[in-house]
Amino acid sequence: MAKITVEQERCKGCGICIAFCPKKVIQLSKNLNPKGFFPAELINEKECTGCAICALMCPDVAIEVYRQEREKK
Amino acid sequence: MKKVFERPKSLTDVHFTYCAGCTHGMIHRMVAETIDELKIQDRTIGVSPVGCSVFAYEFFNFDMVAASHGRAPAVATGLKRSLPECIIFTYQGDGDLAAIGTAEIVHAATRGENITVIFVNNAIYGMTGGQMAPTTLIGQKTETTPFGRDARAHGYPIRIAEMLATLEGSSYIVRTSTHNPQNVRKTKLAVKKAFENQLNNKNFNLVEILSTCPSNWGLDSIQSLKWLEENMIPYFPLGEFKNI
Amino acid sequence: MQEDLIIAGFGGQGIMLIGQLLVYSALEENKNVLWMPSYGPETRGGFANCTVIISNEEIGSPIVAHPQSMIIMNLPSLDRFEDELIPQGLMIVNDSLINRKIKREDINFYLIPATEIADNLGNAKAANMVDLGAYLKIKNVVDFTLTEKTLEKFFANNSSLIELNKKALERGAQEIAKETLKP
Amino acid sequence: MKILMKGNEAIGEGAIRAGCRYFFGYPITPQSELPAYLAEKFPSIGGVFLQAESEISAINMVYGASCAGVRVMTSSSSPGISLKQEGISYLAAAELPCLIVNVMRGGPGLGTIQPSQSDYFQATKGGGHGDYHLIVLAPHSVQEMVDLTYLAFDLADQYRNPAMILADGILGQMMEAVELKEYASEIPHKNWAVGKSQGRKRNIITSIYIDPKVLEQHNLRLQAKYKIIKAHEERAEEWMKEDAEIIIAAYGTVARIAKSVIKKAREKGIKAGLIRPITLWPFPDKYFQDLGKIKRILTVELSSGQMVEDVRLAVNGRIPVEFYGRMGGMVPSIEEILEQIEKINSQIERVKL
Amino acid sequence: MKILMKGNEAIGEGAIRAGCRYFFGYPITPQSELPAYLAEKFPSIGGVFLQAESEISAINMVYGASCAGVRVMTSSSSPGISLKQEGISYLAAAELPCLIVNVMRGGPGLGTIQPSQSDYFQATKGGGHGDYHLIVLAPHSVQEMVDLTYLAFDLADQYRNPAMILADGILGQMMEAVELKEYASEIPHKNWAVGKSQGRKRNIITSIYIDPKVLEQHNLRLQAKYKIIKAHEERAEEWMKEDAEIIIAAYGTVARIAKSVIKKAREKGIKAGLIRPITLWPFPDKYFQDLGKIKRILTVELSSGQMVEDVRLAVNGRIPVEFYGRMGGMVPSIEEILEQIEKINSQIERVKL
Amino acid sequence: MKKVFERPKSLTDVHFTYCAGCTHGMIHRMVAETIDELKIQDRTIGVSPVGCSVFAYEFFNFDMVAASHGRAPAVATGLKRSLPECIIFTYQGDGDLAAIGTAEIVHAATRGENITVIFVNNAIYGMTGGQMAPTTLIGQKTETTPFGRDARAHGYPIRIAEMLATLEGSSYIVRTSTHNPQNVRKTKLAVKKAFENQLNNKNFNLVEILSTCPSNWGLDSIQSLKWLEENMIPYFPLGEFKNI
Amino acid sequence: MQEDLIIAGFGGQGIMLIGQLLVYSALEENKNVLWMPSYGPETRGGFANCTVIISNEEIGSPIVAHPQSMIIMNLPSLDRFEDELIPQGLMIVNDSLINRKIKREDINFYLIPATEIADNLGNAKAANMVDLGAYLKIKNVVDFTLTEKTLEKFFANNSSLIELNKKALERGAQEIAKETLKP
Amino acid sequence: MAKITVEQERCKGCGICIAFCPKKVIQLSKNLNPKGFFPAELINEKECTGCAICALMCPDVAIEVYRQEREKK
């Protein structure tokens, strides 16, 4: 279980996260943000693996990644 | 769920002023993360250049000094010599470092100045609207090479890492890229090493990072990453040029 | 007679372009013209605005503190320029990107959903032309068809852009014709 | 036929028409349209456009090309011009003609890219070391960006002296209609230049005169030349000066605003007029000699007050010289200056009839 | 106890005593004895002496060290100072205290290594871009090379402004006896400096203010500071001024010569006196306000006439201000200046009794 | 008897102002001879630097231009671009070329500027009275390193030939010496090739020549030649670094 | 009382040194002193001269156009300075290196074969001291033995140089004692 | 048969020619020249081979070398 959050005001809709998400679970929103960009959003929380590749590549550091920690044995 | 990726503390909350898709932002993050990880935020001083990253002092969350165009290595020298216990880095573009600031970077390197240099090579003058940089590729069209860079008229692109590696005082010189996750990870490792070396008083350290300029390349974010990979890397090979 | 116009918005919205379209057209009519840009620190995004002066006399100051007209393409520009318009001045507002009310009560403003209109025409980037069309419809500082001709010259090697932009111009003018825009 | 051009481009076009085929520069805002224009135009007309690695290198390339006797120019904006100061001093010392364009922006330091006039002292008094002068021309319209470019090249060659166009970001980036007059002067032959010697005595270009007696002679020669330039080349525009009681002294962009102010002042019954220096060096002292009915001068600049010193020196205490200025890229509005004029007007004591 | 020192060394010793431990410079004649002195002395007292690769690098190292809050200096001579102009504008803009020494030599261009005062405009009006001022001090003896070095560091820190010592090759290389007074001031704590943050808010040092409104505010702040400096720090020496009819205005080396001239003039019955500006910026206007019996001022400089403009501005036409100068490394003799005084004296109309 | 060795025509009659035993003079002779041999005296323009050879324009018997300190390569660029048929060379010391003029030489080289550079490395600032140069050796005492150059405090000596050889635009980069007849002969050959290359439009050519400064080294003429051989050559190896 | 002296010769002849010796000694006597060097472009060889001023009062001008005394160590210096000496001024001339007559007839000059004398003492470089000795013998501006003491301090770590230079000083003084020098 | 001439005014007596002359036929003269140097002079014309090494090394280009040309066969 994992998810990402995209800070909507910060995102510039560059699409890099979308291009590199191995699960293709990000898309651009239909709503312009106040900067004039269509920001990215997670479309499928189930598929997100929390691999953080999107965050790694986001030039605006707009993404945070959350993951269910594996239980420690 | 646990947060596994968050904004580093060494970044302020201010939104970057970089264009959409510009990899300057990634590089900022990696520098900030490194400083977080090395726990040196309270004694790091960054020197920002003149170039698109001129506002870096607004984004990095520690003491910052804004240098004049090209002179960041000299400013950093003044800082390091008077604050030897602080960690000093410069963040410079290719116009800043490889053109007007050539003498300053060469001599900081040959002096073995114990600083870290983050050199963002995007093959163009971003901030001033896309003029030829010393690293602009042959054939590349820019505002001042509208018919493409021609070696005879405009000279050859300069390979900074290779050049500085010949200098006795340089200790870690590496070229990395930002065009895909693997390379971003490698870049991060290189940045970290360049800071660790400074902590270990290992002379002069420079990471040349190939970066994009979607706005002035006239490409979108994704095309830009591709252009970098296909055009820049063949001329600017990635790898360590010095590591002692 | 002198018309002072400020056009303001994001970089990338074609602010400069419609300003230039105006002065090129006005020059054809042998008017004195002046166009002056102003950019923010970012290349794309960030603020951008330009001043357009069209006059029958020699143009003095290139600086217009209080213009007669404005085309406002986004919220930060509204915040920045609203107070500067002269009383009874004309303001064309790109309503699509502005989610607040106009405060001034002593001006003539027209709220045009320019970005939406342009998007419907196939390219949100033509919002500038929509607003320009509206402006020209009200203030006939240059001939509408002459402006279309200039536009053709500007995009001489891209006929699809000519079509799009011409349509956008007209749609803007039509919005004014509706005359239902003012709240 | 008039065509629309940006001021920066107009300088470029003016330079091309004046026969300049060599440009060496380094990018900086707000003059970028000028090198961009030349980079586009030069290749097809055999011109050399070279982007140097720095402003310092650029001015020294200009030095080299000028030694070769060709028409050559560079262009920059405030911080970049500061870097050229040593080179400029060398050019003046070696009496090398060239054109240096400064499209001024707000300082000091990195400042901003917005327009300013705060490099007046640097341009006119010598930002570099030693006693020297540039010929400094101040356009106030895109038209003059062309016309004064012609003039700058001519004067530079005529007097073997570097010339400077001192403009600002507004003039550089705004677009107006210009008429591209035919360039009529002839480029003089330069027998002092280096090149293929073809039997002539060898030419040497230097600015070192290690023996102070010799260097003083050289300086005296330069000063004598400056005197001649001063005697012949002072230029200014007088506008509504005839019956004026209050004169605005202003150059460049500000002079345009001043014209608008003066119109409004006249509407209010205030007899205002303008003296607009076109040559900043030589400063047009002679236009300030016959003060006529003038009771006050208001110097307006985009600075903390620089040209005002030259106005005061010209007037030498005969009437008060006031100052109004904006700084850091701010430009005064018509209303603002008008207010100053009204204030001054209310202070003038008039003979009561 | 007095000891013999060269002027350049005296600045070095003064700097050490004033707590300066950072020197960044680039070799140039005629200031070489200063860096040589510090290179010798610094290692044993923990000072950092670094020869930079250029003047530009040196001034930017100074910028860096000043950001760190330490007392720091650089030194050069005319062409080298021209190269520092961008850096100086940045220092002034970022309000960074430091000491810049210019041991002037004959220009323009490469010129000669002989003494000169032709960088007065550059130093006082701003050789760099933008509206700024340095605090400029002009010693006229080896003793003052020490004393004004103390003062320069103090004023620089007090006002957060770069200070300059404007000397010439004679003052730099001649040897005189000096008394090394105890340095009494305390170096202020600089809470604006960068360094280990230890919990405080982060400090940023910059000179970019991209928004012209903000940059204008910054400029207004700077101008307000300059006004305070002007009000408090004007300094000049008056010598035999009381009953003087003719005043020589001169600084530095020339002022010394002037003293010899005045003695001789007095022997000949001419009532001559001296006003010797010690602060060149702020120019000591106030010393020129009460003109007393003074009928004429003769400004003497090693230049084509630079400070004379400030004298004229101070006097504002009330009495004639004449000029006599030598250039290119030449220095006037006592006899030569005396001749000028005699000429002026013969022209003064006196009330016939 | 036939004269088998005479002053080259490309030297004037003026006596050199160099100190006794200073090898600047030999290097002048070799440059002048080369120009005689190539029969280009009437179209050669020399650019003199600031340094002891600042008066080179008095000694070379053809058109000369005196550049400001370090900027000779930029001046030469301006000349060559406007006089492509002329042969342009700069004559520069190590302070001039390797310190203040670093950016200019690096960029003339990377541009492949078709000029010839005679680089006289004497490990010191001669003209200003013996301060440390960028090429001053570790341990060497100078006016500004009175206790000997210390790498940590003053940096490492810079090897210009090696550095410039990494640049795409350089075509012939060689280091030679003046300490004995063999090496003087080799130097002469290198100088000649560096001029011939220019005649053949072969980009950027530089001959770094190890030279003495008896006055500031505090040695006599012969000791100086020996000191050069024993101390400079180990750090500044002789040879071709590039020849394409 | 003020003594203005110019010492002139080649670089390398120790011109500056004897000037400094004088002012260091005079300072010991609590006089006001000033020493000022002037070099030519060459480091060795080329001209070098210095001005020495010793005074009971505050010293004004450091520039001495017409000195009271001169020590002239070579021909170019004679050519350059001969005319500047005040009438009745004192000139000590190193006759060894000057193969022409003194032109001035209104001055007091002493032709000393200083280089030869020094050479005979074992080192031609001590010619400067020979001339200084002669000068001091005539113009007693500072005490002779005090000068010897200063000399000892200058060469504190080289006793053979002290001996040589002291001898040279004395030999110079003796030349004057001969009083047969003036033609 | 060979010889060298040393331009006496130009020579600075540096001694380099002397040090490198393989035949050791150069020495410093006893007469100071107007520059203040003891210039070099050829002492043995017979031994000089005209090898020109002295001239090659002379920093002041003060030496000219003369040689009897071998007769061409």
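As written, the chains take the letters A, B, C, D, E, F, G and H, and residue 1 is the first residue of each chain.
The definition used in the following text is that a contact is a pair of C-beta atoms (placed from the backbone, for glycine too) under 8 Å apart; a residue touches a chain by one contact, two chains touch by 3 or more.
Since the model is a prediction, treat every value here as computed from it, not as a measurement.
Counted as hops between touching chains, the shortest connection from chain E to chain F is 1. Taking the CA centroid of chain E as reference, the farthest chain centroid is that of A. Distance between chain B and chain F, defined via averaged C-alpha coordinates, is recorded as 34 Å. Between chain G and chain H, the centres computed from C-alpha atoms are 36 Å apart. Averaged C-alpha coordinates give centres for chain C and chain F that are 62 Å from one another.
Chain centres here are Cα averages; for chain A and chain G they lie 87 Å apart. Each of residues 12, 35, 37 in chain H touches at least two other chains. Looking at chain F, residues 18-20, 54-55, 66, 68, 99-100, 102-103, 106-107, 127, 129, 134, 154, 214 sit in touch with two or more other chains.
Touching two or more other chains at once are residues 41, 45 of chain G.
Chain F contributes residues 41-43, 45, 47-48, 54-55, 57, 61-68, 71, 74-83, 85-86, 103-104, 106-107 to its touches with chain D in the complex.
On the side of chain B, the complex with chain F involves touching residues 99-103, 106-107, 110-113, 134, 151-152, 154-159, 162-163, 166-169. The touching residues of chain E, when paired with chain D in their complex, are 56, 78-79, 81-83, 85-86, 89-90, 92-94, 104, 106-114, 116, 118-119, 121-122, 125-132, 206-220, 222-223, 303-304, 306, 309, 312-313, 316-318, 326-330.
Taken together, the chain B residues at the contact with chain A in this complex read 1-8, 11, 15-16, 18-26, 28-29, 180-181, 184-185, 214, 220-222, 225.
Residue ranges of chain A in contact with chain C, taken from their complex: 12, 32, 34-37.
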